[in-house]
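Here chain A shows up in two complexes: once beside chain B, once beside chain C.
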Partner chain A sequence: MTTSAITTDQLTKSYGPKLALDALTLDVPVGEVFGLLGHNGAGKTTAVNVLTTLLEPTRGSAEVAGVSVTGDPRSVRRAIGYLPENVQFYDNLTVMENLRFFAQLSGLRRPDGRIRDVLRILDFEGHDRQRLGTFSKGMRQRVGIAQAILHSPSVLFLDEPTSGLDPEGVRTLRETIVRLNSEFGMTIFMNTHLRSEVTKTCTSIGILKAGRLVHHDTLERALSAFPGEDSLEAIYFQVESEPAS
Partner chain B sequence: MNAFMVSARHEMLNARRTRTANLLLVVFIGMVIASSVIGWVTNQTVTSVYQKVVADGLSSAPNPFSGVSPLYYSRNAVIYVLLIGSLMAIVLGVQATLRDRKAATADLVLSRPVGSVARLLGQLAGLGVVLAVVIGVSMSISWVIISIINGAPLGWGDTGRLVAFSALSWILLATFALLGMLTGLRSRQETTALLVPFVIWSVVAFVLPQIGTAARPVSLLNPVPAVNPTGGYFDLVSALTGPLSVTEQFKRASGIILQDSTVTGDATPSVLILLSFLVVMSIVVVSTPRARMRSGLDG
Partner chain C sequence: MGNPSTHAWVIARKELLDLRRDRLFAVLVAFLMIATLISVGVAAASFRTQIDAYNLYVQQLIAAGSTTKPAAPTFFPLQLLRGGVEYLEILGALFAIVLGYGTIAKEKYRGTLQLILSRPIGRFAMPLGKIGGLAIVWAAVVLLLTAATTIAIVAIGNAPLQPIDGARILIAAIVAWLYLVFWSALAIGTTALSPRLSTGLIVAIVIWLAFVLIIPQIGDTMDPDNQVPGGLFATLQIQKTDELKVLANFAGFDAIRNGLEISSITKHFERLTFAFLGIKDKYNQQTLDFVWTDLWGYAITLAVAAFASVAFAVGATTRRTLQRKIS
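Then we have the complex of A and B:
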């Protein structure tokens, strides 16, 4: 039985001469909430896109839920849930119609009951017949989480999940992430540039700088190394300021 | 339910909910019905004038409509399929593929266990069903109106011809829907995604036939056959460009199927050319790589 939810070895992605992801080697154990930190353009979204099989790596290898992302991408897609940054849906369709579409694409045969269950888990009951065109960013984000977990994935990828949310939306989403991990056992891989979010939700962190992983540790160890209220902030800026090797 | 079926159903649902597409559908159905109504009004007017003339003893000739095929009344439908139907199919096709790129829902779709071929074929199948329903409704109403004009239900032979014309219309419209899907997948901007297939359509419908049939340009917009050049340069150009004008092939095959007395010959070559375009376009569209399906738009 595999104990790693995500492993990468020298995973590299380049767009022509531009190196977006530089030899990423990573191990995220099952049950972790892993936060990948980095500035805009550090390569966080590229990493998620490769791990979710949306992009093919240029070099290196990666396994998600014990399956190679290049060898058997379809099996990887069955095992994962994905919430992109600024998630969008078909605005002329209702919540139920949107979620039914994604559930059926994931192989669920009669998904309506499961959709209602998931909406209940996310405290979003009563909205299933509404069209998404009128929804706020926070409401869309909850539908986004719903579509990502409908098929009970073992690994959930969240790309900047709190981007553009108001404080109340951020708090709700944070609680949801913690709950999905603790109650449903999902391993969560989260991209963010908000250090405060990582402190409140993650169990381990990685810091990406210009495509390279410059720091990887459990949150507990990282914090104990730099005691103080803004310790993660301190680690982040210290690591960021060091010249890339 | 597999990805193909899910995509097909989703496409049908989206087409039903899209305002522009619905408007075009209504206009198309309305025009095809109008075609039969115009035929009926023409028949009534000419017959009443004829009866008056015969009653006044001014003529002993037979009623000019007495020897006309019942399908004569739907001959204008050929033009409506060419003009409005093609535009409707292009809009539906562009929206089908551009939707995911515009709203960035392609990433959500492609992060599911879905193959790009199954996804695109499913979308095409969904559009195919929508087009079939539109054509079916239009032709059913035409059948009823023609039967009313004739005072009796259309016979099996004529009904079969109307069904064959519907199938031919579907092949043409599906080809244009595929053209729309292709530009929806390939264009960098929404405006070019719509503009390019319209330009291609106008070249195919107006420019290509004009090259070989300049002697009778009225045939471009009316259900009358183009005059074939009898030799020389225009004959050569016509032979080269003729098969490329799918709209001309459609007009020719439709004329033969609907027993238009002005069109003679065998419809098979034209039908085969139309089918070839459909198959080639299908192959081109479904071979679109996943990376292209999820590429965003400029601006």
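Then we have the complex of A and C:
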């Protein structure tokens, strides 16, 4: 029985001469809500893309849910849920039709009951027959979460989940993330550049700078490791201002 | 967990549902349908006028006390479908490219591609689902056009069709379907391979220009056959038998011209449909056996080309090519 949901060892991804992810070594235990912080272009999305098997690493190794992302990527895909930044759907299709499509691709044969359950969990009942063309960003994001958890993944990857949401949408999403972790036991890996989000939802954090992981700790220890700082935001800026090794 | 064929079918069904509600698709099909129906309808109306004129002439002769009945003019109702074939040959191919391009491009620029590729689907599920969906769409469109134009030549032209005509129309419809699948699969492949979405469309359209317009036009220009309006033999009013004697002295020229024409997939489609529908004089009123014996090579080549195009699309539509950055 593995106690790590995500482990990486010297995980590296380069695009030609550009190093997007530089020897990332990381361990995220089962049941954590891990927040990966960093500026735009720090390599957060590349990290998620490699861990979700959308990209192959240049070097190093990674396991998600105990399975190697390069050795058995299809098994990794069965175990994960994924919400990309600015998620889009098929606007000509209804919520139910969109979710049925993704559920069937995830291997669910008769998914309608499960879809209704998930929409109930997300307080999104009553929208299943609406087409997505008319939906707001916040509503799309909830459908995005729904498609990511339909098949009850053990690890959920969220790439900038609050990007573009209004304060109400941010609050709803934050509550959903906490609930998915506490009630359904999902390990959550979340990319964000918003420090406030991490403070309110995450149990551990990592800070990525120019592709390198410059800090990784539990949220509690991170706060206590910098006694002079009273917020994660201050810690973040302190770590960011240090020269990359 | 689902198997690869199940995933391909799931993707194909989504494609069908999405296209059914797509306005661009509705406009393209409506345009093709209207253009084809106008062409066939006008030809059918002309056909009916000629039949009516003949019948009126016969009635007047009988009324005048004549006992001799003039020979009925030779009308061939399937030849009325020529306009429909030509629209499919040019516009159909172009629309097939647009739909093939759209089915990949939409996934890329919408970002839904990432959601699909993060699922445990097989290597071939995505291309087979896309091509399968479009193959079903084109089968439906061709059947719709075939039914509409057949009804038009019967209802407007009052043209009597024989059971064998049904078989000829069905063969022509299958040939048209293969031809359209060829173009859609080609566009899927070029779009998947191109880092820039627009490049995939442009490459497919350049191939369309070459094979649908330029090569056949060069072949037609070089063709002295008197069935072409303005052709050399027609202008000189030389009969077919004499034309063949003359052409026997220019076998090399004709071989080059023919070779150029048959390098185009469009000419294969045209020659097959024109032959089976009796639009080409040589095959008019001939048995299906006769046509098949003469043109089986074209049928095989068209089928192989369609298969090769599908294989190209499947080979080109990989995770690696699909995940290239959109620019």
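One rule holds for everything that comes next: the second predicted complex is superposed on the first by the 241 of 245 C-alpha atoms of A that agree within 3 Å, B and C clash if a C-alpha of one lies under 4 Å from a C-alpha of the other, contacts with A are read in each partner's own complex, and residues count from 1 in each chain.
Here, a residue touches a chain if its C-beta (ideal position, glycine included) is under 8 Å from a C-beta of that chain, and two chains touch if they have at least 3 such contacts.
Since the model is a prediction, treat every value here as computed from it, not as a measurement.
For the composite obtained by overlaying on chain A, chain B and chain C cannot both be accommodated without a clash. Once chain A of one complex is fitted onto chain A of the other, the partner contacts of A:86 extend to both chain B and chain C. In the superposition on chain A, A:53 contacts both chain B and chain C. Legend: residue contacts after superposition of the two complexes on their common chain; A:109 is shown touching both chain B and chain C. Of the two partner chains placed around the shared chain by superposition, chain B and chain C are both touched by A:101.
In the superposition on chain A, contact is made by A:77 with both chain B and chain C.
Chain A residues in contact with chain B (one complex) as well as with chain C (other complex) are 52-55, 74-75, 77-78, 80, 82, 84, 86-90, 92-93, 97, 101-102, 104-107, 109, 147. Put simply, chain A touches chain C in their complex at residues 52-55, 74-75, 77-78, 80, 82, 84, 86-90, 92-93, 97, 101-102, 104-107, 109, 147. Within the complex formed with chain A, the chain B residues making contact are 1, 3, 6-7, 10, 13-14, 17-18, 99, 103-105, 107-115, 291, 294. On chain C, the positions that touch chain A within their shared complex are 1-2, 6-7, 10-11, 14, 17-18, 21-22, 110-112, 114-121, 323. Those residues of chain A that touch chain B in the shared complex are 52-55, 74-75, 77-78, 80, 82, 84, 86-93, 97, 101-102, 104-107, 109, 147.
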